[in-house]
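Here come two complexes built around chain A, the first alongside chain B, the second alongside chain C.
And now, the complex of A and B:
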């Protein structure tokens, strides 16, 4: 008899539809007279939203993850990039993305839809350079990039904020110039509010996973958090996350589990190997699940200390009663909101990441930690060896496995499964 | 003539310890050449660049994942973990690539010193906001240095430090200019020793040595043919055995574009009413590291200009293994050079380099260049 009841998520189909519409809308933007832009999942998407409702983004990382899931096409993309002289140890998202341009093939069908402009931000060494090369491969697409690497949020000051906001203001002038469209501040303000709402709501969803049994497993969360990486500034995503939050809350109230035999709660780190998500299902054979990670919680989710000292969703400006009436205020809110992003903090020191990981491990009652030494992403694997030492020191069992989120040639599923066996056996678990 | 530079480079730790004893000043180790040394020097601190030792080591694996992060950053950390820099009073980094940041973080954690500082050097150096932003960060940094040293950095001290550093840059440029000659009076190895030692010593003392050198250079003749004129481009590179091997193959390195070379000293701090702002301008406008070269690319134009001015016949693109910023630039740099008629050879460096196989590749490259000369 399973220990807990389980049932599929009711909102699952809707999440799939939102994602499918997103990629379809981008591909078909020109048929509607709209604009296309490309950039990273962390770019300030709320800003181009001020150009109109027919402006469609393609964020590079989730698009590349979709390619990575299609192993055959991914290999073709990676090899096409290598033929152009690029090193195979570069960011595998970036290489999959470039390969899709070089092969002129959109992973969702048809030729690769050429964007009108690049709208990027930069905190990882690869961010601006990714689109510098992408722009060149496309024959010189106009590009604007905002540097957000101005230190951890705990050290934020007016000078740092002014630097980011100044670039944002320049970016709006640049957008007007290259698109010949008049910028609408009201649309910007609405998008900023929606971004704050969706990213705070996602944290609220993750918070519910503190429950035992966990209502969500991380493999499912990968398919849900991704909407925030596509268009976190969109009311569609914010409304969906509100709906999902209600459903997950209901699952917790009714004791509905993600994994019916939950007896071991794990935590992962960095992007998963997208072509091998089955390793997360493999855990379930031991009655183990990953309840999430700083990656799934904090890549787009926004968090802050709660009055009781725990970690919880960051209060939105709307919830604080703040009014956003003009462009400058909207940009300042957007900049400050994003500079507090959990996954931006470790770019300055692994200490920040260790503190958050230990906090999650304690508050979500984690029994063990799996660290993915992810050769595909230097940004999120940054400092991971020091994180390991800190987690071990804090008393958590830790296993590591080497792999690559987007290059299947660097992932040995048999070896990783063996490591999982050994790790879980050390946690006194046997297959059910 | 270059013995002093060679000694300073080889005996860098003895030099710093002796300097400390002699002056009673503090020594700060730094990563990345975006560190505004002028501010430290104004507070009578000796800034020394932390470099590797080119010795294999397994000390760093628990701290930096060696399977994807650059050997230079791991080699630098190994020096700290081995205690070779135990005389340091301070440690700092100016924000550059992710790889070397790990070295700073691990060093800070496992070999703590009295003062450590992460300077948020902007990446978007082409933004009109970068200079003002950096000036603000420098102001904060200056206050931190004042508090650490207990020494107020006044306008006179800062201007005097800037002048010392500018003089050093002028002198290095003057020495480099002599390499434009048909038969340069110094080898690439000697130039490398000179610039590396410049990053490790008191600029006033180094300036005196450079002035002496410049007096003697016009009369200096190398008892060797110049051979093929080469340029070194790339990631950090202070590998003396490699350049010595390269120059043993009837070739001379006449110029470089890397951070233990021209990128370190190329431009000066302009005079201005606001000294901090002027320092900020210098670092924002200097020849960029690939991490900061967007958009558009400026590094390529600068590299091509150097190649032209120094009549370069071939370029070696040197990349520290896993160095993402350079990996991102190399295809474009290579294409631009070859488009300008300058053949290239790509070499991936590790903590130690395989001299034998590299020699074979360099010989083949040089033979190809020399054949072209014969044919045309």
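And now, the complex of A and C:
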């Protein structure tokens, strides 16, 4: 007899449709005279929204993760990139993406849709080169890149903010020049507000996973947080997260569990091995689940200290009663909002990441932690061995497993399952 | 095992037919103990291929079995290093034989027993003589290759350069010891340190590991049976 009641998420189908529409709209943009742009999921996507309602992005990381899930196509992409002479230890998202261009195949069918421009920011070494190479592979696509190396948010000051905002202003002038479109500041302001709304709402959703039993499991959350990586500035995503938040609140009120036999709560880290998400389902055979991670919570979600000292959703400018009436204010809000992103902080020091991870582990009442030593992403794996030591020092059981978010050749599911067996056995769990 | 006393133990080369090897080992152990299958109360299985055991049983991880077995033999042990043909493990255990933390090397052949097998072939010596050979070494030479595959090429080059085989054998053991020590340091090394698994029978490796860790390393009499002993103890404890 299961310990808790469970039921599927009602909003699941809608999430799938939003994602499918996004990739379809990008591919078909030119048919309606629209614009296509590509760039990282961390780029300031609200800014190109000021060019019109028919501007469609393709953010690189979720697209590459979609490729990675299709192991056969992914291997073809990776091998195409290696034949071109690129090293195998480069960012695996980047390699999957380049492979898609080289093979001229869109993972959702048809040829790879060529973007009109690249809109990017330098969040890590790979991102700095990713789109330079992508532009070259496509025969030269106009590219604008914003440098965001301002240090951790705790050390932000006016000069640093001005540095980023100045580039954003330059970027808008550049966008007008290359698209020959008049920029609409009202659309920018709306996009900024929706971005703040969607990212704050995602944090609210994650917060609800403090409940026991957890209403959501991380594998399901991967499919839902991804909408924020596609177009967090879109009202479609913001409205969806509001609807999802209400549904998850209801699940908590009724004690609906993601895993009906929940008896062990885990936390993961970094991108999962996209081709082998079944390892998260494997946990459920023990009555264990991953309730989330700094990655799932903090890559899209925006957080701040709450009055009671806990971690909670960041209040949006709208909620604080702040008015955004002009371009400069919108850009400043956008810059500061993004620079405060939790997942951004640990690029500067593993100490920042350890602090956040320990906080999540304590507040979400986690029994153990699984760290993915992800060879595919130098940025998010930076300092992970130090994080492990800090977590162990904080008293949490930790297991590590080696893998690659986007290169299935570097993941051994049998060995990882064996490690999970030993780890959960140490937590006094046997298979149900 | 009965009442904490080992009735019999047996070892069979697995080869490619794991299930047949498992059945053969089980039958032999029963025969040696003079026990029929019907009189066996509880079976706990550990190790690679544990799923192949054909009769009703409980599976435990190698890590758990190792810790229990070691504490039974050596109650003062707190760090267990298990190096077999395919995998190396480092285990931190409590006085009760519970696993406090563990680390595994299952990706790098240069930290496993199969590395010594490959090197023994390259040196054209039986693998069981490799340890003794390295103890005849008169000088340390560095092994530059990080990978077992490249190390084999390096050994061939050293042989062509007329490097003494004992010195090469010593370099091989020092390379494995370095990898194993590095792995175990991830969980912290606490005295007393016990070395088990097949490679524990290699005196050259034991010497190299002691030097690298800077600690005494104890080796039980039959190091390759400790995991099985631990599983038997768990079976006794849970029956």
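Basically, the second predicted complex is superposed on the first by the 432 of 432 C-alpha atoms of A that agree within 3 Å, B and C clash if a C-alpha of one lies under 4 Å from a C-alpha of the other, contacts with A are read in each partner's own complex, and residues count from 1 in each chain.
Criterion: a residue touches a chain if its C-beta (ideal position, glycine included) is under 8 Å from a C-beta of that chain, and two chains touch if they have at least 3 such contacts.
Since the structure is predicted, the reported quantities are computational estimates derived from the model, not experimental observations.
Residue by residue along chain A, chain B and chain C are tallied for touches, and B comes out ahead.
When the two complexes are overlaid on their common chain A, residue A:426 makes contact with chain C while staying clear of chain B. Judged by the touch definition given at the top, the superposed model places A:402 against both chain B and chain C. Once chain A of one complex is fitted onto chain A of the other, the partner contacts of A:296 are absent, as it touches neither chain B nor chain C. In the superposition on chain A, contact of A:198 is made with neither chain B nor chain C. With both structures placed on the common chain, the touch criterion links A:392 to chain C but leaves chain B unconnected. In the superposition on chain A, contact of A:415 is made with chain C only, not with chain B. In the superposition on chain A, A:135 makes contact with chain B only, while chain C stays out of contact range. On chain A, the surface patch touched by chain B in one complex and by chain C in the other comprises residues 402.
The touching residues of chain B, counted against chain A in their complex, run 61-65, 67-69, 95, 97-99, 101-102, 105-106, 108-109, 118, 120, 122-124, 127-130, 132-133, 136-137, 140, 290-291, 294-295, 297, 322, 324-325, 327-332, 334. Residues 392, 397, 400, 402, 412, 415, 418-419, 421-422, 425-426 of chain A are the ones touching chain C in the complex. Those residues of chain C that touch chain A in the complex are listed here as 60-64, 98-99, 101-104, 106-107.
Within the complex formed with chain B, the residues of chain A that make contact are 84-87, 89-91, 122, 124-126, 128-130, 132-133, 135-136, 143, 145-147, 149-151, 157, 159-160, 162-163, 166-167, 170, 347-351, 373, 375, 378-379, 381-386, 388-389, 402.
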